[in-house]
Each structure stands twice: as C-alpha cells, then as structure tokens.
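The structure's right below; bear with me while I get my questions together.
The first chain written gets the first letter, and so on, giving A, B and C; residue counts start at 1 in each chain.
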Amino acid sequence: MAKDYKRDDGRKFDELREMKAKVGVVDNADGSAMFSFGDTVAIAAVYGPKKMHPQHQQNPEKGTLRCNYNMVSFSVEDRIRPGPSRRSTEISKVTEWALEPVLMIKDYPNMVIDVHISIIQASASTRCAGINAAALALAHAGIPMKNLVSSLSVGKIDKQLVVDVNKFEDSVFDEGEGATDIPFTFTGDGKITHLQLDGKISKDQFMEAMNLAKEGAKKVYEVQKKALKESLN
Amino acid sequence: MAKEIERQVVIPGEVIAKGNNYLPGEGTEKNGDEIVALRYGLSEESNKLVKVIALSGVYQPRRGNTVIGKVEGLTFNGWILNVGASENAFLPLSEVPRFVAKGELADVFDIGDLVMGKIVGVNGRGIDITVKARGLGRVDGGMIMEVNPNKVPRIIGKEGSMISLIKNETGCNITVGQNGFVWIQGKKVEDELFVRKAINFVSEKSYLQGLTEEVQKWFDKEKGGKKK
Amino acid sequence: MKTTKITGERIKQYLEEGKRFDGRKLDEFRDITIETGVSNQAEGSVRVKLGKTEVIVGIKMNVGTPYPDSPNKGNMMVTAELLPLSSKRFEYGPPRFPAIELGRLTDRFIRESNFIDFEKLCIKEGEKVWTVFIDVYSINHDGNLLDAAGIGAVAALMIAKMPEYDEKEEKVLFGKFTKTNIPLKKGLIIPTTIYMVGKNIIVDPTLEEEDVSGGRVTIGATESGVINSMQKGGLDTLSPEEMENILDLSEKVRKQVSSALGKVK
C-alpha cells in the first residue's frame, strides 16, 4: 500500500473531503443539523423526548431512540422512488445502534426521541454523513449525552486503503480486488459504536483500516464541535 | 490555585474544569478530577459548582412551576393539559377551587381552553396540576406566545427585572409560564405585538451579558422611530 | 400543538383592522427566496423559502414508453412528501391526505397550464418518450406549503437541463447534462392560494394563520391572467361576491410571485 497514492479526486489516501456542518437548520425541530463530506449532504432533525405512542411500545426501563433515514429522490442520478426501502430501513437501525450508546436514554422511560435524517445529495458515505448530522442534532436538542459520535468510511480499492470513500471509489472502481467499503462510527473517546464491511480484506489490513478510521474520526469530531461552538453566532 | 471557569458553549463529553475542588452540578458529571459536560449548553461556575445551562431542549417540569397549558382531553375526574413537556399534565377535579359536578367539566374548562396552573408534583404517572390559588384558572383574552422554555429565566430576569422593563415600556400585562407559554394582555393589539417583538429579541440575545441594558436601548430605538 | 383559541381570535381581530402579526398587509407575501442547485444529481433542483417555510423541489428525467392515448407526448409525475423532519405534526409513514393533496394540486397546476411542451419530449412516437419527475419535499413548515411547492416546481423546471440520451444503447446518460432546457412554453405560470380567515381573505399565511383559516382557493394562472387551474379546499363556504374578491386578490398578488420567479437563472 502506497502512502503517496493519488486518488481520482486528487486526495491523499488518508485525506477526507471538505467537511461542512451547521446546527439549527430546521426551525421547527427541537434540534437540527446539516453535515456534508464533499458532495454528500445530510440533514437531521430531532423531535423529543416525548411520550411514546402507542402505549404498548413504551419501554419502562429506558427511552426509545427512533431513527428514520431516507434519501431524497433526486439525491442520486437514478431517481429513488419516494418511500422506505429495505436499505433505508437497515440504515435507520444501524444509525440507532451508532447513536444510542452515548445517549443517557435511561433518563427517559416511556419516552421516545425521534431523529429524522434526509440525504439531500449523495456521493457515497451517506449513512456516515447522516450519523454525523444526527449526533449534532441530538446535542443541539439538549439531549443528555456522554459524548458525540463521529462517523466516516474507510475503503480498500484493490490493495490500497483510502479514507472517506467517494462515489467513484464506492461504486465504479473494479480493478484487482475491487472495492471494499467499511463505514465506522467512533465516540469522542475512541470507542466503536457502529461498523459494517462489504468486500474483501485481511485481518491485518482491517486493523490498519480501523486505525485510519479512528484518526479520521477525530477530524470529523473537530468539525462537529465547531458547529456547536459557533451555534450562537 | 483555582482558575475561574469562563462562561462558554460546551458540548457533550467536553472537560469543563479540572481539579478536585470543583463539584459537578446540573448537566455535568465528575470523572476522576475532571468535570465533564453531559449536554450542549453554556457552562457556568459559581462557588466551585460547575453546571451546564441548557440552551435548548423540551420543558423540564418542576414542582412549584407556574405553567400555562392547553386542555386536550376530559376524563371523568379531571382535565388533561398539554404543557409542552414530554408528558401531559393532569388537573383533577379536587384541585379546582369550586365544586364541579361530573358532566360539568367542559363548562369549566373545555377542549382548546388555556389554563394557568401550578405544578404540585412530578412523578412516574405524570405532572400534577392545581389551580387552587389566586390568579390561576382559565386564560381569557389577550394572546399567547410560545418561547423556548430555556429562555424563560432570561425573559423574567433577575428578580423580574427584565419582564418589568417590558411591561413598563409596552403598558401590557404579561405572565410568563415556566413552560415557555407567555400570556400577553394589552389595551391595543399593537401593544401586544410589541411585547412579542421584545420577547423575541430577548430570546435571540439571551446569552449576552448586560442584556437588560441592551433591551432598554432596543426599546428606545424602536419607540424613537415609531410614528404615532 | 395547534394555534390556541385566544391567539386565533386575536389574529381574526387584527385582520379586521387590516393588519397581521408580522406587520404584513393582507395581500403581502413573505420574502420569497429561490436558491438553485440543491442537488447536483438532479436534472434541476431548487430550495424555496417563504419566510420560515422551506421546501426543496427536484426534477429527475427518464425515458420510457408513452401512454397509449398519447403516443407522441412525454409524461410528468408529481410527488410531494411532508417529511416528519419538517414539523412535529407530520408522522413517519405512508403519505396521508395532506401530502397526496399537495402533490395533486401541484400536478394540476403544472399540467393544466401546458407549461411543459410534452410533444417536444417525444423521442420516437409510440415507443420512447421522456418522463419528467417533479418531487417536492417539505423542510420546514410554517404555513403555505402549497404555494412554496408550486413556486418550486416552476423554478426547478425553468433551470433543469436535459440529460444526454444514447439512442444506440437506448440509455439515459445520467450525470451528462446537455445545455438544453426542458421544453417549456413561453411565459411564466403563477401559483397563488387565497386563504379565508373569518370574513377576510389573505395570502401566504404563517402556520398560526393557516390554523385559523377555514378554507382556501388555489389558483394557477399565466402572466396575462388566463386561469388554468383552481381548487377550493376546506369547509368554509363562498358567496359569488366573495369568489370574485378572491380572484381579484389572486390577480393582484401574482406580481410578487412572478418577480421572484423572474430572477431565477
């Protein structure tokens, strides 16, 4: 694996795309945020905590985090029919798993916190952008949390590891060993709350990918922190 | 030597203070000798107690709070009120200062009516309300404004200084519910709208120091430009 | 929570005096802003803001077979989604009537005006035609999503560029845009919805105002005043005089909408 590998968009192997983040983008929501990796743009809005209905879904031991992830029909080249899909249902669940460990959800028995994520423009790593926007929106909504979580993807294209996979690396690249996509989510103190992998990788290279992801997550965290710190400006 | 902690925006997981003589207040926890923020808000320290003032989030009901709620349901023995908290509130027949016969509930407070009440308890079942005190009961006339409940302390001000200033400058009666519902009554609708504008201003600038002077300046400017 | 009764009374009282809570006159729209390029994957996309109300509208195109009764015309499909992220009043789930109505009203407005020249969207008669998909999403609901959607649909259609079509492979080359706009007829079409509040009629209500409105009439018209589509919603009834007042008000305010649309590049 080469440290001076040049990617199709000119980035170094461990360079993330330009990230942007802002909170307070949906006036009606209790908390909201926008997060982007290059051309991938996600917005998230939080409503809650509020009483969970119907009553039989209430959990007396802890609150419920309910995420719903959707892609706007024109966020991709090939129009997505509006409505849920198996993919969006899975990503919604995975997003809940990525976020819940840092939420102090035991404080809200019988309540629900709704997080709605929409991808406005997609260029790979959409679930990661969604998780980052959701984490910001939850903090912005004043939900008690131990920490933020930061998400990004590490890819392997043929034998080369790259950080923050773009559309070409995710769906077009097919030389050699093809493309492997590994989205990760880390808490602010370096614990993994979410991990998926599609492709082909050795244990050693995976460990390397994980370290790259951990370093990259710190950079995502800085962007998220800045958005919250500058929220009053 | 203890350093004074500055008032600043903090985020979940951020270390606000280090040193064994600090105590963890609301919105924080102690991790070793570090005080860590458990929510997004403004950090504040006084007498070594470090806390995070919420800038956002739904209303957290407390016993003793005066709130304004909207009647959303009638049961056989009371009224269900929406006070903007994560739970609904309940006003039982027994907490109304007059005899109400069963079946008469809608005549006293009907669905859609606004009621000013006091929270007597917050427990697993929900929020308990009473209207058995002077000034409590149905809200009639004037208009209602909803504000972020976290801004209520600033809108009221230290010892009511801010709300008094707004009342004097606009000539209106204003009651601020702790749940962010504000009842405004004026002789003219223009005056009531002026109060709304002023309260929006306070809400937006709520994090500033010396806010009362800023608001006085704002009033002087607004009234100076007003054609009568 | 719906607007309280007493505030609703105040809104109606104020309207009697010709005034509104935010200082606007009864025939005044909020600031209309139209941003283009919301998604670079769309053939065209815009973000429309009416005060705090915000919607995004995107155009996607594809090639398919025409309907049997219009073998030489392209097609159009309008879908609207009231995203739960835009308001605590919208729940996650299949589209309910308000979303369906929003889609259908916007569809009627565009379709009945013949704004899109469907015959020019024909590639091969009886076999291949373009379909234009117009998708509307609410981002923040503070009243009058109807007009925001209509304005967004017109603006998005105006700036959209057709993708390349590979005739040999019979494939749309998404991402490869031509410099060709969607074939539209000359002149703007303008949506305006007139809302009835008590005895008064207003335009562009905030959510508070919309809550106390008992009915509305949505009108689609051309710049020269030809009416192409109309629909009355809500339970309030209208006398013929009141209907005429509504048509007059619609005509009066169209300039505010057309001037915002005129600035779209």
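Note that in this section contacts are C-beta pairs under 8 Å (C-beta built on N, C-alpha and C of every residue); 3 or more make two chains touch, one makes a residue touch a chain.
Everything quoted here is computed from the prediction, not taken from an experiment.
With chains as nodes and touching pairs as edges, the resulting graph is complete, every pair of chains being joined. The chain pair A-C and the chain pair B-C differ in C-beta contact count, and the higher one is A-C. Averaging Cα coordinates per chain places subunit A and subunit B 34 Å apart. Averaging Cα coordinates per chain places subunit A and subunit C 32 Å apart. Per-chain Cα centroids separate subunit B from subunit C by 38 Å.
The set of subunit A residues touching two or more other chains is empty. Residues of subunit A that touch subunit C in their complex: 26-29, 32, 39, 41, 43-45, 47, 68, 70, 72-79, 82-83, 114, 116-118, 120-122. Of all residues in subunit A, only 30-31, 48-51, 102, 104, 108, 111, 139-148, 187-189, 225, 228-229, 231-232 touch subunit B in the complex they form.
Partner subunit A is touched in their complex by these residues of subunit C: 38-43, 45, 52, 56, 58-60, 62, 79, 81, 83-88, 92, 94, 133, 135, 137, 139-142, 174-175.
Subunit B contributes residues 70, 82, 84, 112-114, 139-144, 189, 192-193, 196 to its touches with subunit C in the complex. Per the touch definition, subunit C reaches subunit B in the complex via residues 1, 4-7, 10, 13-14, 17, 19, 21, 23.
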